[in-house]
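In order of appearance the chains are A, B, C, D and E, and numbering begins at 1 in each one.
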Amino acid sequence: MNVSAPLKASDFKSDLKPVWCPGCGDYHVLLSLTKALADLERKPEEVAVISGIGCSSRIPAYLKCYGFHGVHGRSLPLGTGLKVARPDMTVIVAGGDGDGFSIGGNHFLHACRRNIDLTYIVMDNRVYGMTKGQPSPTTEPDWDSALSPGGTGLNPFHPLVIALASGANFVARAFSGDIRGTTKLISDAVNHPGFSFIQILSPCVTFRPEQKEWKSAIHAPPVEATDDPARAARRIMTDDGFNVGVLYRGDRRPYKIGDGVEHKTVADLEQEFQI
Amino acid sequence: MSANPDNEISSLSELLTHAYAIEEDAIDRYHMLGDQMEVHNNHELAKLFRDLAGHEEKHAAEIKARAETIGLMNLKSSEYKWPDTEGPELAALDEAHYRMTPWHALQMALKAETRAFEFFDHIVNTVTDPEIKKWAEEFREEEAEHVTLVERLLEKNPEPPAGWADDDDPPNLQE
Amino acid sequence: MSDQIKIDTGISIALTGSGGAGVMTAGGMLLEAAAKSGFYGLQTRSVGPQIRGGEAAALLRLSNHAVEIHRGGFDILFALDWSNFSRFAAEITLDENSVVIFDPEGGEVPEIVSAATKNIIELPIKKFASEIPGGRMNMIALGIVAGAIDLPKETVLGLIVRKFASKGEAVLEASRACLEAGYKHAGSVANAPKLVSDAENADVPRWLITGNEAAALGAVRGGIKFAAAYPITPATEILEWLAPSLTAIGGNLVQAEDELSSINMIIGASYGGIPSITATSGPGLALMTESIGLATAAEVPVVIVDVMRGGPSTGIPTKSEQSDLNIAIYGLHGDAPHLVTAPLSVADCLFTTQWSVHLAEAMQVPAIILSDQYLGQAKMIIDKPADVAFFADRSKVEKIDTAYTRYALTADGVSPMAIPGTAGGQYTADGLEHSVTGTPSSAAEDHHDQLAKRRRKIEGFNYGTHWAEIEGEGDLVIVTWGSTAAPVREAAELARAEGISVKTIAVRLLAPLRVEALEAELAGARRVLVIEQNDLAQFYRYLRGHVDLPADTRAYHHPGPMMLSTTEILSEIMKEHRL
Amino acid sequence: MNVSAPLKASDFKSDLKPVWCPGCGDYHVLLSLTKALADLERKPEEVAVISGIGCSSRIPAYLKCYGFHGVHGRSLPLGTGLKVARPDMTVIVAGGDGDGFSIGGNHFLHACRRNIDLTYIVMDNRVYGMTKGQPSPTTEPDWDSALSPGGTGLNPFHPLVIALASGANFVARAFSGDIRGTTKLISDAVNHPGFSFIQILSPCVTFRPEQKEWKSAIHAPPVEATDDPARAARRIMTDDGFNVGVLYRGDRRPYKIGDGVEHKTVADLEQEFQI
Amino acid sequence: MSDQIKIDTGISIALTGSGGAGVMTAGGMLLEAAAKSGFYGLQTRSVGPQIRGGEAAALLRLSNHAVEIHRGGFDILFALDWSNFSRFAAEITLDENSVVIFDPEGGEVPEIVSAATKNIIELPIKKFASEIPGGRMNMIALGIVAGAIDLPKETVLGLIVRKFASKGEAVLEASRACLEAGYKHAGSVANAPKLVSDAENADVPRWLITGNEAAALGAVRGGIKFAAAYPITPATEILEWLAPSLTAIGGNLVQAEDELSSINMIIGASYGGIPSITATSGPGLALMTESIGLATAAEVPVVIVDVMRGGPSTGIPTKSEQSDLNIAIYGLHGDAPHLVTAPLSVADCLFTTQWSVHLAEAMQVPAIILSDQYLGQAKMIIDKPADVAFFADRSKVEKIDTAYTRYALTADGVSPMAIPGTAGGQYTADGLEHSVTGTPSSAAEDHHDQLAKRRRKIEGFNYGTHWAEIEGEGDLVIVTWGSTAAPVREAAELARAEGISVKTIAVRLLAPLRVEALEAELAGARRVLVIEQNDLAQFYRYLRGHVDLPADTRAYHHPGPMMLSTTEILSEIMKEHRL
């Protein structure tokens, strides 16, 4: 690879062929991610993409970056540990709505609160794809499935507001089919200091074929991104769930990682035990 | 969506860069679709997409040769002046299906070529620089040829009857 | 069962295809047709990593007597295409008698196939299908195989009508035509083995069921009224069967946010007096162990079905393995005695689950049931299971006059429970060590008393003969557990037919191990083989730790994804026999 | 116990003496809870109080109700299971900020979303009392402790907004020292259908002696409770954290528990397997 | 160490009181004064369930040679009051030689005390204190005891100055006056044993340290630079020591939201190339097992210290028990070989942790260290630990020319790791079963290869002699582990002094068990005693499962909260000896 030539999106793609269903929104996300990384002028080895378990969570292996396909729901702690220990790496955590909002919900809350400089991408298809179609926390109340015959009857919850209430510093919604928009949002998110969260609506054509209609429902947010979390929260709670773009861009204090300098030796530390 | 049709192509190099990117992206896209079909054992379609990619490769090489003296720009994805959310000559990924037939693939290609035609057509109609206009006209004609080519192929590959996507077997549980 | 005829090995059939070719559906109909025609059999599947459109193999074994597992070789391989056949090659063993049918449009015959057998028949299935409007290859294949093995056409036709009627006349007609075409070409496979029915079996009422369904049914038969669910392969079907069923019988299923939640939900429900269950696989079980310890300490009965898959970590979710024995028995922190059981066959998933519900409730203790992907997802024709009288029957206090001591030290260790709502029975259940009343205590006496009580409860219980299934006599004894019981028992039967005496002990109650009973059964054994499907010989180690085994005890084991087959176990028996 | 005589608060107290430090706010909460139960005219055996681990989570044993002192962070699933299986019981889940917002955060999200008819009380002292004083998710960024020397530097997050964004149906803040107010809030919460959440500011006199000052900071909310979650969220995100009272009272659809009727027998269910 | 003088049993002192009487502070100063005066010793505490103001006992043993554990009896009991003395009665064994000092204002002498000894001295401590402005009973008690056992007053005074100087002149003066008053009344306890210094030891540099501090220090000595923390008794002190220390040496500690998070944080950091640790206790370990399995499968080294407490469930958080052996060894789902070690003394917490960091890193595998509440929280005077050369030294690829295979099948099973940032080394770590490159695979060959590689890594490693500490010779062999090693070794020494030969094997490396080495050490053993502190004889069962033990092998074990004492083990040795 010629060091001087700028990398193209395709330079970020691995040779592994995705197992995703053709038509799946996650292919778009993969594409946008590679484009964003090229735009960001990162080198593949400087980027780590960390995920949990689910169709969407298969994404790291399809990239030429460092990757970690962890266990279900624990991608954010993996990413947090990596980023704090290795602040020189660009860390992107990615996964699904089940992985991130159901089993991984607690880490989502606390990763937002910690506000460490990483980017979290949730490919939200409002379903557990990998396990054959069970409702997730963002699923509509009347969506029928084997595990919840006739629908759960539960209102989907608001991950973007939860991110705001927990302390995330950059909150955006994207639609996978909007590749240019998503690419831009990802690179903005990576560039923004602190914890950035992007909910990407990414259709599951197999279990939620009706989501192909999302394409026509999507629109840009009616107003500009705000830096007032309370205002942003209110707006998101009342919007229709289909406006894409940056919804909040804050300047909350990011997590303080140690300076990496050896101020003391281990021998210094031992002093306190000496009699 | 984040369409940005008002931006005008302002130099020959920029035009060539776009023309080249159109082909390169299309190559990637067709290979991506070819990969999908391979993984999903739709070998007929895998071959078709590889063939389409082959076509685009030839065009890309031609453009590159033509750009030799003028030079190509290094643009970020956001700096391209596409009329839509991505490059015009791109088969829509969301229209893929593991049981799709050549007709579907050719429909995808047709739309992509048509969009490419419209892209250059728009430049031809809006750009003031005569040099850029001349080159854009050439690209437009090429795309027009592609459109006819795909249309001809479509005649040999009729639309499949309803139910082409039916799969008797349920999806598989994985992880 | 020593009759030579009964231990015939039936007909094993593999249908392979890809990209939505529908082999699973064809295989399922073949199985059902066999069932309706008075036969027994089973179907498993093997698939690629794709959610849809991947390569798939439907693996069947049909017979005129009950079969529990694949024999280890295939009589018929029908390849709609050869895409990624290599994924299945190891599972589909062929020999010179195997018949292979394939469509030349589906690619070249793989080397491994042509090397194995000469009976390779080329049929242009795709072409046949294309000649029928809406025609589908899998239905033609169904017709060919069904015809070749002599399944009555009307039976298969009846199934087609039932399956496709709702899809409209055109689809139905196409399927019917395909089937006819298939039967027409069945003659090309003249050398295929035939299914010969056994008059004896014809009238026995039978079921078509998977182990996951059987476990779920066993749960409700035992009295389960509440379940909490977090989906995971290969356990999800248990939860999905329970969802509408529990509602129908006046119970509830709640989808939890994770397994930490699901285990605690069932502890909460059971604390409320309602028998409760959840199902998961290794990764989920690992998340539950802290709270299973709570159920142990607070003495709340719950049932957890672990449908095991390849481990460790995410491992191989779609493949069977018996490698969660260690965590099931030893995975709780502290000294936390509890129950661990394992069904010994698909049908036994019903019995073992029902029995485990009964045991858990009787002893107010958590029970972990070790099923596995094979048992859970194999579809099987079984005799209608008998009704057994094991129900949730918890010892409860009805009326409280004096002070209630929740954790009273009784002779059998079981203390009657006050169910919320019972006046005067109020107490606080606690995972902290406690006195007899439930008040937290760090006193040595309380700790020792409560540990001993919880141990006594499950060690002193009368489990009857259900702790194991024991067959045969002989100084070679095979000890096994869980799904491996099926090939072991079949291999032993085959060995006996050869005049080799073998005794098999298939252990259903893994913890507490019935040490005395097992040692009694092993008395006189000259050689012992411990057989299981994992890498570390977990059961063998466990047995060694608790039971005095003869010096000549050997572990035969390997991990998944391949099941232990009848054939390989038979060859181990032969080895021992020759020693 | 005379069935006809109305029960007094003291009838809800067990004989066990709390191990709490004298002066701890949790004593007040215990008192308010017994008063509320008396006001609600519940019988002790009809009420179950479920908790996790922490000083505050010791509360069940100090009551004469049914109780469950579970493991750290899992009280809400315990309560959920109990309530769905036994809808006739009044279920109150109680615990601390560490138990509920840190390790138990995910269950908090999803209990709110499920909106089951139970009441969740968090005794928030902005510290892990039981383990000797570590910061919790509601701790101020500059609070110095052994585990976070010089403070965590993290903004505390907004549990009340998270409850709103997740779907809770009743959201209130209380101060333990305000016994009358807290009593009223608890009985309102129990009476309100669906999931009710009360954050009770309850000082830890041992590790956070400065919280004794809370008494003077407390004030009633400047405006009435709203039924608009977006408005409530915005208000809470901009308030000073010390206004007590009902902040949101909604009518979101509560969880649908089965009707408890045997529509089918087990034998009916078996039909499907018959050949 | 066969010298009679060296095995004197030292002086055991219990100070009890309640409601903030300050016995822990007084005890701590007594220990420090002894340390400064050239003695050895240790202090533990026993407390009520209250957060503050509860009853407390400071338990000390002082000696002129290193002691590791309480002897099992007390020479001096100083009761500032008798509140809830019953809570400690079982721990504070008295005999007819014991001296008891108490304040009559603090209540009646409990029956159990007066029955044991006649040496009961009444001193009006409270009155003495009230005569000094700002006077405190604990400082008077300190003076009395220090004086009675002959600790130099200047040394204690020096400590008082250091401790109270910052609190202002008045407080300092009051303390000083109390101490003087105490020394003045020390004569009333004339029959107390005296500390006699041993010239040999005087100049050895010594430390005052707890096992938790030692473990934390061992971690940083080994190269740990990252920790994730979720507080839990009795492990919190490790995390609290690491918090400022890691920052000081250029590392980081992150407080996690729960243990699921903390384990994954350290896996993430270690994946990034940074040696990482966490510390927890049983309930937290239970929450971590799923992800420890991930570290096993993805081959990411991490170190987890489990400071064990009474189990199961929340159990008895403030008391020691060795009941997490099972979960540590067997608590992961699937076949998941990993390391389990246990420190054998407070000082050994340092070595074992440092060594475990080294091992984990060398083999790219998780290591669980089983410390316990006793080791973790006992404060001990130890010889300054030697520097040992065990560091984190992971096999890494520096420059990649050709395709990188993360999980290459090497001879020793260890595959060089590409650390993120290394160009060309990009790979995806995966908990799914995978091929050598890390690509998910369900192929039998890949599964078997990777399972075998992960097993080979840790089974073939050269652990040197550190797997156990072995002492003595004899046909009676005691096998033990963890904190129980201390009373076992002391009891064996006492037995040897009586002419009874005993061999002790204290196992430090619990998994993988060094079966061959252990069997070699057991060769010739006539009787084996397996000693440990839990209810189910977990180590004994584990040994049986793996090692050929002599027929005459017996488990001696009981659960917490009481530690196994030197005295009780000595009596077990005597029993065996008489057989």
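We adopt the following convention: a contact is a pair of C-beta atoms (placed from the backbone, for glycine too) under 8 Å apart; a residue touches a chain by one contact, two chains touch by 3 or more.
Here the structure is a predicted model, which is why all the values come from computation and not from measurement.
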* Structure fact -> Hop count on the shortest chain-contact route linking subunit B and subunit E comes to 2
* If we define chain centres by averaging CA atoms, which chain lands farthest from subunit C? Would you check? => B
* Asked: Higher C-beta contact count, A-B or D-E?
  -> A-B
* Asked: Counting only C-alpha atoms to place each centre, which chain is farthest from subunit E?
  -> B
* To do: Determine the centre-to-centre distance between subunit A and subunit C, using the mean Cα coordinates as centres, and give it in whole Å.
  => 38
* Rounded Å distance, subunit C centre to subunit D centre (Cα mean) -> 42
* **Chain centre separation (subunit A, subunit D; CA means) in Å** => 31
* **Per-residue multi-chain contacts in subunit E, two or more chains** => 49, 247, 257-258, 260, 283, 290, 293-294, 298, 313-314, 430-432, 440
* Asked: Where in subunit A do residues touch two or more other chains at once?
  -> 19-22, 53, 55, 69, 71-73, 102-103, 105-106, 109-110, 114, 130-132, 137, 206
* Asked: For subunit B, what residues touch not just one other chain but two or more?
  -> 39-40, 98, 170-175
* Structure fact -> Checked against the stated definition, the touching pairs are A-B, A-C, A-D, A-E, B-C, C-D, C-E, D-E
* Which of the residues in subunit C end up touching subunit E in this complex? -> 49, 87, 90, 260, 282-283, 285-287, 289-290, 293-294, 296-298, 310-319, 321, 323-324, 326-327, 329-337, 430-433, 440, 442-444, 447-448, 451-452, 455, 534-536, 538, 541-542, 544-546, 558-562
* Asked: In the complex formed with subunit A, which residues of subunit C make contact?
  -> 48-54, 229-233, 236, 239-240, 243-244, 247, 253, 255, 257-259, 283, 313-314
* Structure fact -> Counting only contacts in the complex, subunit A reaches subunit B at residues 6, 8-10, 17-23, 25, 27-28, 31, 35-36, 38-39, 53-55, 72, 130-133, 175, 177-181, 183-184, 187, 203, 205-207, 212, 215, 218, 220, 244
* Structure fact -> In the complex, subunit C touches subunit D at residues 32, 35-36, 205-209, 213, 217, 220-221, 225-226, 228, 245-252, 254, 256-258, 260-274, 276, 290-291, 293-294, 298, 381, 384, 418, 420-432, 438-440
* To do: Spell out the part of subunit A that touches subunit D in their complex, as residue ranges.
  => 101-106, 109-110, 112-115, 137, 141, 153-155, 157-158, 161-162, 164-167, 229-231, 233-234, 237-238, 252-253, 255-256
